[in-house]
Structures are given as C-alpha cells and as structure tokens.
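Structures for review follow.
Common to both upcoming complexes is subunit A, partnered first by subunit B, then by subunit C.
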Partner chain A sequence: MGDIAIRARHVSKIFGQSRVLDDVEFELRRGEVLCLAGENGCGKSTLIKIINGVYTPEEGVELSFGDETLSAISPIEARNRGIHVIWQDLALFPHLTVAENIVFDDYVAKPWRPISYKDALTQSREIIQQFGLDLDPMARVEDLSIAHRQLVAICRVLRAGASIIFMDEPTASLTYKEVQTLLGITRSLAAKGISIVLVSHRLVEVLEVCQRVTVLRNGKLVGTYPTEGMTQARLSTLMTGLELEFTPRAETHKGAPVLELKNLSREGEFENVSFTLHRGEILGLTGLLGAGRTEIAHTIFGMTQPTSGQLLKEGQPLTLNSNRDAVHHRIAYLSEDRLNLGLVQNQSINMNTAVTVLPRLEKPRFFLSPQRIKALTVHWIEQLKTKVSDAELAVSSLSGGNQQRIALAKWLATEPEVLILDCPTIGVDVGAKAGIFDIIRNLADQGMAIILISDEAGEIWMNADRALVLRDGRIYSEVIPAETTEEALEAIINA
Partner chain B sequence: MNKRLNKQPSTAGLRLGGDTLEVAAMTALLIGSIGLFSLLAPGFLTATNFGSMSMQLPELGLLSLAMLLPIISGGLNLSVTFTANIAGLMTAWLVQGLLAGMGILSVPMAIIAGLAVGAAAGFLIGVIVAYVGAHPILVSLGAMIFLQGVGEFLTRGGGMSGMPEVFQTIGSGSFLGIPIPMLIFLAAAAGLIYIMHFTRTGFSIYMLGSNPRATEYSGINVKRVLITVYTISGILAGLAGMVMLARFNSVRVGHGESYLLITVLACFLAGANPFGGFGRVLPLVLGLMSLQVIASGMNLMGASQHLATAVWGAFLIIVMALRMPFIKQS
Partner chain C sequence: MHKRLLNRRIGTEGTLLSILMLLCVVLALATDSFLTFQNLFDLLNNQSVNIIFAVGLVVVLIAGGIDISFAVAASVVQYVVLSLLINYLGGGNWLLGILLSMLVGMLLGLFNALLIHRFRIVSIIVTIGTFNLFFGLLMYFTSGVSIYDIPDWLYYSVPLLDLPAERGSATLYLPAAVMVVMVILTWFILARTGFGRAIYGFGSNPESARRSGVSVWKIHAFAYGWLGLCAGVAGLMQAHIVQEVVPNALIGQELPILAAVVLGGATLGGGRGSVLGAVLGVLLLAIVQNGLNLLGVTPYAFRMIVGLIILIAITTSNLGNLLPRTTKARNV
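And then the complex of A and B:
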C-alpha cells in the first residue's frame, strides 16, 4: 500500500468538437481496489482507453509508473507494464475450453508454435489454484455462467502477467451471491499486490469493497475520496451534481382495490401467490433473480396462463388469453429487457410510442394518420420530459434513460389502471434514475396502481408503499419500507 | 444518413418523409439511365419504345411488390412466380371450362377466382410461418415446389391458350395512352403504399420485421399480421398471373420463373433491408423502371437480353457498394 502503480496527470481528450476528458488526474496505488464512478458519458471508458494505450491523449499528459514518466503509451507498452482491461463483454472465445481461453495470449504471441493442449491444461490449472478459484479448465466457456466466465477472463489477464486490472461493470449481470464471490476475489487479488479498478453503477457494492473512489462528471474530475464514511447519497450527488433524496415514500396512499390475485399458480414458475393491489399504491415485488417476479408479471399481463388460482380486476374474475386482453382491461407491462422486448430498437421513436394504441389512432378504420401519431409522441415527450431531437430517428439513438421514458410513454398511452414496471431503471444512469422514480411516484399520486419489480433493495425501499419478497416462486415475506431500513430489506431479500 | 441527425423534425408524412435518400437515389438512377440510353440507343426516345417498356414492366413489377412485403416482414416468399402460374391456370380453366357458357360475366368471375387462389396460397404460407414458426424461406420454398408440381401435373407440362378476346384487350389495350397492365401495376403499387403507410397493418409489418418479439410484447397480434403479409403477397402474385395470362393469351407453368431472383434483387436495389423492418414501395417502383430502361436500351443497341441481365446484377453490386457508407454511418 501507498506505493503508486500509476499516476496520470493532465489527461485530456477531444473528439471532434467535444472535450470528453478535461485535465483529469488519476492515481492508483499498488494493491488497492479503486472505484471509477460516474454517469454514462462522463469519460470513464475514455480514461481507461488512454491508460491502456488505445487512445492517444491530447498534449501535456504525464503518465508515471513509479520509476518513469511518459507522455504517451502504446497498447503493447501498456501490456508490458501489466495493465489489462476486462471489458464488460469479456471477449472470450465461447467455443473453446477454459484452459484454451486462459493461455490464448501465448497463441497470439507465438503463432508459429504448435499448440499443446497438455501444457494449456497444466498452466491454467496452476493459475486457477494459485488464486484459489472454482473453475474447471476442461469446460467449454459457452457452458459457463456469466460469473464463471468472468473468472476465466480474470485468469487470462493474470496469466498474461497483469499487475493492474481495470474491470468494466463486472457485476452488471451477476446475482447477489455471485457479486459477493467476485468481490471476495477482488480483495484477495489486491492482497497479492495487484491493483484493481472497478467501474460500476451499483453504488452499494462499490462502497463495500473499494478503498477509494474517483468520481468523474462530464469529463472532469470531481475528486478522489476514501470510501470510509462515504454514503450512497453523497456519492450519487458527486456523480450527478444533484441532491437526490433517499427516503421512502412518505405515507401509504391506498385507494380502492383494483387487482387481486387469489392463490395464483403456474406450474414450475410460482405457487399460491395472493395479494391485493390498490389504486395509488406502489407495490414492490422483489426477490433474487429466478424467484418468479417476471413470471408473475407475465401472467398478470396475459402472456402466460395460470395453471390454478384466480385473477380479479375490480372484483370481477379475469381471463386473459393474450396481452391484448390485458391491454383491453387496462393492464400494462414494461419489460425488463428494453433492448429485445421493450422497444423495437431500429424503428422510430414515433412508431415505438404509438405501437400500443393503434386501434385508437386508426380512426376512421383503415386510416392511420401520421399526424395523429406525431401528436401523440410530442405529447408524451413533453409529459415525461424526454430529450428527443427528432422523433423520426430510431429509438436506439437515445440514451438509456430517455429510451426508458419512451418505453414508459408507450404504455402510459394505453391509459392503464394497473402498471407493472419490471426493473424500470436497468441500464439507466443515477441521475436519470431519480427522474424515472419521480414519474412513477407522480403516476401513483394520480391514482394509478403500480407494481414495481426490482432486485435492488434501495429502489424498492425508496419507492414502494409495501414490498413483497419472493423466494422460489412463493411470497416469503411482506415488508413496509417506511417501517424499516434499506439494509434490513436487503438482508431479507438475500436471506 | 448522418445528415438526418441535424435535420428539423419533418412535417411531411410519417415514414414517407424519412427515407428521402432512397427515393432520391432511385430517381437519379432512373433519370441517369434514361439519359444514357437516349444518347446511345437509337429509337430510345420514341413513343413506341416507351409503350413497349410499360408493357413489359408490370409482370416483374407486380411480382416484386409481392416479394417486397414478406421481405419487410423479415421473411421471403419464393413461391410468387408459381403462385402467379397457378392463379392463371385457375382463371384459364374456369373461362374455358366451367364458366364457358356464361358469356362476358365469366371473365370477372374467373379473375376473382384466380386471385382467390393466389390469396389462398399466400394464406397457407402465412399460417405455417405464423403458427409453426418455420423460417419463411423454407416454407415458401416448399410451397414453390409444391405449386410447381401440382401445376405441371394438371397441365401435363403443357400450357393452356386461346382466351376470350377480353383478355387481349386487357393485355395489349391502353387507356389514356397508358397500357392497361401498367395501370394495374401502378394501382397495385399505390394501394400498397397506402397500406404500408396509412394503416395499422402496414405499421405493424414494419415493427414486426425489425423485432417480432418486442412487437408481440407491445400487444400486436403478430400471427395475424404475418398471415396478412403472405395473403397480400399471394394476391399480388395472382394479379401478376392475370397480367401474364392477358399478355400472352396463354398460361404455362414455369412462365416467369426466371423473374424470381430478380424480384429479390429489385427489392434490395430499392433499399429493402435483408433482415426486415425497412423497405418502401416508391423506390422499388422507380428501381424497377430503371431496370426496364436498361434492358430495353440495351436491346435497342442490339445487345443480347442475357447481357442485360448481367448488367442488372452488376448494377445491384454497385448500388450496394455505394450505399454501404450510409448504412455504416447510421
């Protein structure tokens, strides 16, 4: 500790007209776990790419590696100094075995040498044992879970002699347990003198494992802070420049019951789920991945049919043969998978907003007025304060937060009484998250009944009037956030 | 298409305003080819030549329209040419047999029956694509071979000829100086533009072509839309069959077979996305006109028809190569 692994000073980078990085300073100590935090587009990736030699920074930069100071670095020099980056997509070869992936760099370095599978096996076993990991070198990478693939990627850079590892959003698609394992490994690598930089959106984890956190905002350095004594709220403020409130919803807002589930079951997915949803209420539905959250939502939305039990809307039994029936009964569902299911990414913002209400827009029959579609989009863009330059552009041209607003708009256009939101802030920046929470709370204040599905305890704690915790397809406990702390809720979810 | 990022929100029609680039490119192509052959080919700029061009275009044109819809929906309909043949056979058979005694009334009835056969062929493909979930290429390939076999079995490899005079009137007559087949083609194209841009069916076809699952999650009946796509495709193919029947005064299974891949080429030339979701009628019509101009122009210059086909192929490659930078930018 204390020894400097890298110190970068006066790092700037200009792309075209925009200054992506502006005189940033970055320092990493030997054997330290450092967090690099900031919203999308704040310059985190650019900084990493400058340090590992992919981008050439503007003049005036000083890169020092303890003994020596350079004004630029090439990718090969960076590698020779033990700087490695594990990108979010991991860049592994899915059809090859774990061992082949780990020793792959040898194949690149010495392309003329015949490949020895035996050597690959022994060498990768050595690495796996040295760091006490749970990996089968004979397994094919495509058969592994994301968490295990991550371990393969780590082994690969360790084998290549990494002493400084940048990890880009390593926890993004892991379950709670897997995150804990990964963070444990990070700690033990640091104990062996390896410096680690974690880039993460999940603030709770960051505070838990890192010693210091470097915050960037709009290409500028906000500062580097010790994590001791740092709260999640303060870190959010540093990242966004906004004071965000971190309090549960003030009081419960229960109106008349709207939707009732009576012992609803679907074989292999969930069992005996019963609850009543009221007008103006935000009901949190939480639990670990695979606890049955999304499955229940799909059944309420008519995409799957229950095997037993009953669904009632305003006291009347409801049979839904498809999601069109659900939309007809004023039930809407925002998918957790915005990329593949929530929006048609290649098509225009106009089309994505209007797709749910075509029968209403096609009046008279067989005349779908383009003007009416545009008017609808303009209305919702204003309502939800969405940043859109041209609604004829593909929805994929928007940022995550603005995409999510369009996904919300398309369902709000159906004027739902029951709105199911499945992980509405996935892939959305901290600042934009707060905006989406505001929208959700406002909708509930206006009397909409909302089911908020999330695996982030904080999200549920801040927004839900009442939270149901699911485990293995059953309701395991009911929590009133206002009567407990976020940590207690987190503990119940992960118990 | 990068320029569109800075563009003001268009006030024109919804998607009609969007892909102005494709329309501009195809118009330039058409004007360019007309200009080139006016200079090179003697007799190109004559009424006779334009008359004969607009006589030849509608068959390929209608078949291309029949191909465009499945392509936008993310599929393909390989059975368009044989659907046209079977529809023609049905009409010819009814006119000469069952309805022969009914006089002039037999013709519209036989034509409606022929179009119904086309619709039925498309409907069946649509049902299989929607409910079995098999890839449209496989389903329509099967349908193509099936229809070919049935047609050859029924005609024993021969053809049927000798239609009533009304067919010749349709096939070689003209109205206001425009050949009737051309009018049929233009009317079909106009109808298709309307469906694609001003009905929820067209809207849904574009959405479905880009991402069927997300479209289904939005509450669109994807299966019904798919069936509609292939049914319309079948009707358009049937219409092509009628035009062929009228123009040649006969029908033979296999007639127009060589058009099949050219219809695919025309759709891609006009900017349809091979992966679905994008493609428009107007550029396709303009593109088809350019192809016809090239073929006729080269014919007037004394080149073989096969050479014209080769030029079409080279053309597609050139247009694709020119288009790539725009696709990469967007």
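And then the complex of A and C:
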C-alpha cells in the first residue's frame, strides 16, 4: 500500500457553457478499494472518462502514474496502462459463451486468424481459477444471472491485463448475497495489487468495503475521506450538501382498515400472507430480492390471481381479474422498473401523466381534450414540485427523481386509496430521494394507505410505520421501526 | 430444466437434423423413389441455388439485419453480367462469369450496406427500397425481355458425378459443387475466424461490440457484401440451370428463403443462427415439398403446409418462454 496507481490533478472539463468538472484532484493507491461517490450529474462519469481517455480534459491537467506525468491520455494508452472500466451495462455479448466473451478482444485484434475454441476455454478457465471465481466457461451469457455476468465482465478486463478497474454501479441489481460475494471478490482483487474504484449509490456497502471515499458535488471535489468512522448520514450530507434527517417517521396516523389480506397464497410465489392496511399508514414490505415482495404487490394489483386465500377491501371480498379491476377499486401500483414499465420513455410528459385516466379526459366523448390533459399535468407537476421545462418533451429528458414524480403523478391521477410503491427510489439521487419520501409521507398524512416495498433497510426504517420482513414468500417478522434501530432491521432482513 | 439443458446441448441444428432424418426414413418407407440417387441428386441440384442464397442471408441475420433485396439483386446480376459478357467480352468463360457475378453482386450488397450504415436507416426499410429500385431498373432497361441466347459454356450443363440408375443415370451437376464451396467458405468465416465471431458479437450487442473496437462499417459491409456476392453466384447458377435469363425468375424467392433460414435458428434480433442451420432449414422445406410431390399431394397445398411448418417450428421453439417467470427463475 501507499504506492500511487494514479494521481490526477487540476482536472477540469467544460461542455458548452457548463463546467462539468472544476479543478478536481483524484488519487488512487495500488491495491486499494476506493469509492467514488456523488449524486447524478456531479461529474463522476466525466472524471472516469477523462482518466480512461474517452474525454480530453481542459488544459492544465496532470496525470501521473507513479513514474511518469502526462498532460493527456488516449483510450489506447489508458488500456496499455491497465486502466479498464466496467460500465453498468457490462458490455457483454448475451448469445456468446462465457469463454468467447472473455477472449472477445482477441477476435477484434486479430480478425482473420483462425480461432480455436479449445484455447478460449483453457484461457478462460485459467483466469476463472486464478481469481477463484464460480463460472462455467461453456455457459451462454444470456443464461446467467446479473451477478454472474458481472464476473464475466471482470474476467474480461483481468484477461486484458487490468491493474486499475473502475466499476460503475456494480451492485445496482444484485441481491444482498450477491453483493457480498462481489464485494468479497473486489477485496481479493485488491489483495493481488489491483486497484479498484467503486461507483455506487448504496452507501452502506461502500462504507463496508472501501478504505477511502472520494466525494464529488456539482463538479467540484468535496474531499477524500477514510471510511473508518464515516457514517451514512455524514456521507450523504457531503454528497448533497444538505442536512438530511435520519430518523423514523415520527407519529403514526392510523385510520380505519382499508385492505386486508387473509392467508393469501400464490403457488410458487408466496404463502399464507396476512396483514391489514389502514388509512394513513405506510406499511413497509421488505426482504431480499426474490422473497416475494413484488409478487404480492402484483396480486394485490390484480395482475396475477391468488391460488388461495382472500383479499378484502373495506371488509368486502375483492376479486380482481386484471389490473384494470384494481384501478377501478382505487388500488394503484408503481412499478419498480420505471425505465421500461413505469413510463413510456419517448412519449411526452403530458401523455405519460394522462395515460391512466384517459376516459376522464375525453371531451366530446371518444376525443381526447388537449386542454384537459394539460390541466391535469400542470396540476400534478405543481403538487409534486416537479421540475419540468416543457410538458410536451419526452419524459426521458427528465432526471431520475423527476421521472419518478411523473410516474407517481400518473397513479395519483387515478385517485387511489391504496398506493403500492415498488422500490420508488431506484436510480434516484440521495437528495431527490428525500423529496420523494416527503411526498409519500404527505400522501399518508392525507389519509392514503401506502405499501412501500424496498430492499434498503434505511428507507423502510425511516418511512414505514410498520415493516413486514418477507423470506421465501412468507412473512418472517413484523418490526416497528420506531422501536428499533436501522442496524437491527438490516440484520433481520439479512438473517 | 432438463429439457432446456438438453435442447441447449442439441441446439436448433440437432433438432432440425433429427426431424430431417425422421422425415427421410418415413419417405423412404412410404415411396419407392425417395431414397434413390436420382431423387437425392435432383434435390441437391435443385436446391443449390436456394442454399447459396441462404448461407449469404444467414450472415446478415446474425449481424442483426435483414435483406429482402437479394433475390432481385441476383436477377440484376444475371442481366448485367451476361450483357457484359455477350456484348463486350466475346462470351467469356466460367471463371470470368463467376468472378464478374461475385463482383456485381457484392457491389449491389455494398450499396445496401452504405445506405444502412451511412444514413442509419433500418435495414428492412433500405432493402424494401432497393428491392423496388433494383427490380424497377431491371424491368425498365430490359422492358421485361428475357435473354435466351446465352453463351455455350453457360448453356451446357457440367456433370460432376454420374451414377447408373434405374432410368438412365443419376447425375450431380456443377451448381451442387459451387454450393458446397460457398457453404464451407461461409461456415469457416463465421465459425472459425475472429471476424466471424465479431459478427455474432455485433449482432448480439452492437453497442458492446462497438466499444470493444469492432468496426461497425466493416461488419455491415461484409454482411451485406457477402450476401450480395452469394446472390451473384446463385444468380449465375440459376441462369445455368434453366439455360435462360428471365427478369422475374427470382423475384418472390426472398421470403421462402428467409423463412428457411429462420427455421434454421436465425432470428431477426441478431446474434443467433448458423450456416448448418440455414442449410438444414432449406433442405427440410425442400424435402417436405419433394415428399408431398412423391406422395401425390396436390401442389396447391405446398405453400399452406410450408407455412404451417414454419409456424409450428417457431411456436415450439418458444414454448420455454411461456412458462411462468418465477418457476423458471427458481429452477435456475
């Protein structure tokens, strides 16, 4: 340790009018795991792209690699110095085998040399064994889980001789166990002298595995801190510049029961799930990925039918044959996959907001009234304090936090009594998250019954009045956040 | 799970081969004439043109594109090459004929590639355009007149293998050999060179391939150029077999060939498919037709049956996707 792998000083980058990076300093030691933290748009990706040669920085930069100092670097030079980036999409080839993915760079380098599958297999096995990974080189990447695909991407850069690996949001779609495995692997890579930079939103993990954390905010370096003694609260304050509250929801405003599940089961998904949801309550539904959280939500929303058990709304048995029935009974469900399922990305903000209530916006009948659509969107944009310059623009032009507000508006327009929120803060910045939860708390204060699904113990702890922890499709434990600590809740989830 | 694993190990090609063999056994038992050299050689002679088209097309499909202009491109090649040979080169010979056909075919394919790459237009739109353009130009300049007076070298068939048979003899002709060469060449490029694997990679995930340093233009140029080259060769062979050049002889062939290649495991999404699969796809459809013929089924039923086979094949190969998502996830 102590050896410097890269030291970049005076890094600036200007795009058009805006200064995306302003005199940033970045230092990475050999064999360390460093975290690069900051909200979306703080300049993390720009910094990575400058270091791996994709972007040319402004004048005055000093890039030193221990022995040598450069004023610019090309992508090829960066590769030759062992700098590799694993972007969030992993850049793999799903139809090819693991082995072929690992040796793919050879195909590009020597396109007309006859290839040998045997060599590809032996070489991949070597890499896989050398780093003690669990991968079948003959498998096709499309058949692997995201966690295993990540390993393939890691093998690929290791084979290319990586000594400095940037990993962009590697834990975003992994289960708790997979995250632990991945973090274990990064540690063992570091022990072999490879330097790793993790870019992550999940503050807990970062603090656990990294030795130091470099924080950027609005293109400026906030500082580099040792993770020892660092708390989540302090880190998010550094990232956002805001003092965020880290306390459970103060008091409960439980009203009359609205929705009741009685021994609800669906074969292969969940079993004997019973709970009662009250007006004004935020009920947390948590558990590891695959514990049945989303499956239960789908059944309450009428998208799947239970195999046994009963669903009651205000004491009346409820049979839902489709999600249309559910909307009719004033149940709304915000999907966890905002990008693909929650919003129609290339349609306008207006249309995305209006889509759930189109019949109400017809005037005359069968003809949509542009005025009514506009009025609806304006109303919700104001209510949810969404930053929108022009509601005719595609919804993809908005930031994650604002997109989520539109997705929320779309469901609030149906005037639901029961609102199910499935991981509402995925891909939303720390600062914007607080805003979304403010909205959710306000809705509950106004009497809406809310089911909040999340795998982040912190979110549940801070916002839910009551949390149900699921495991293997059953309710494993019920926790009142106000009576316990976040760490205790986390331990129950991962037990 | 076991079934899926098994499927993976055998693959589309294995399934197709088993069906093909089963079909051959049934037909051999049901008819006297199916399992004769005469019939099998006829099948190869007749299908060589389609197979040459198919191995060209599979490259484009693997690269994630589609081309429906290749059959009319082949007609254009026939006219251009024969006009050049007859009017300017004193008739020419086999070598010149093949080289010229490859060149003209490749240029037509590169024209598609250029439009697709340079102007970022979806391949199906581009090739619908060039399909009409090529055929329109052909009809305009030829006024629909056929060429009957083709050079001698092209007119007389070239027997390669002659076996005595019940009635006369069973003969394998030149187009079958050309087909074998094209099949092996395409297979080698796709399966045994880095460039071929890069085509699979590009079809599988274009953005990843681009970031790995794969030249997108080279992939496009090769895929459409190679299909054009194959179409040129196929066009010449077709003219050789029917001993004349008719402007609308090949138009309409593109869809059955596309269907055969898709039957052979290629998808319109790219990244999947193989030369063996394409060949087996063409052969399966040909043998079905041949068998129906021998069994005395009315030719009016052919299209219907071919359509059914394709739909059944595609639905059964997608059955796995119909299983509930969660059960699948638990099994993995």
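The rule is short, and it goes like this: the second predicted complex is superposed on the first by the 489 of 495 C-alpha atoms of A that agree within 3 Å, B and C clash if a C-alpha of one lies under 4 Å from a C-alpha of the other, contacts with A are read in each partner's own complex, and residues count from 1 in each chain.
Criterion: a residue touches a chain if its C-beta (ideal position, glycine included) is under 8 Å from a C-beta of that chain, and two chains touch if they have at least 3 such contacts.
None of these values were measured; they are calculated from a predicted model.
In the superposed pair of complexes, A:314 makes contact with neither subunit B nor subunit C.
Contacts of A:136 after superposition: neither subunit B nor subunit C is touched. In the overlay built on the shared chain, the residue A:105 is in contact with subunit C alone; subunit B does not reach it. In the superposition on chain A, contact of A:327 is made with subunit B only, not with subunit C. In the superposed model, A:290 makes contact with subunit C only, not with subunit B. Applying the stated contact rule after C-alpha superposition, one finds that A:243 touches neither subunit B nor subunit C.
Once the two complexes are overlaid on the shared chain, A:268 sits against subunit C while remaining clear of subunit B. Judged by the number of subunit A residues each one touches, B leads among subunit B and subunit C.
Residue contacts after overlaying the shared chain place A:94 against subunit C, while subunit B stays out of touching range. Listing the residues of subunit A that touch subunit B in their complex gives 303, 322-324, 326-327, 333, 335, 340-348, 350-351, 354-356, 358-359, 361-362, 366-370, 373-374, 389-394, 397, 410, 414. The touching residues of subunit A, when paired with subunit C in their complex, are 89-96, 100, 104-115, 140, 143, 145, 268-269, 290, 295. Residue ranges on subunit C touching subunit A, taken from their complex, read 8, 192-195, 197-198, 200-201, 203-205, 207-209, 211-214, 271-272, 324, 326-327, 329-330, 332. Those residues of subunit B lying in contact with subunit A across their complex are 4-5, 7-10, 13-18, 197-200, 202-204, 206-207, 210-211, 213-221, 277-278, 330.
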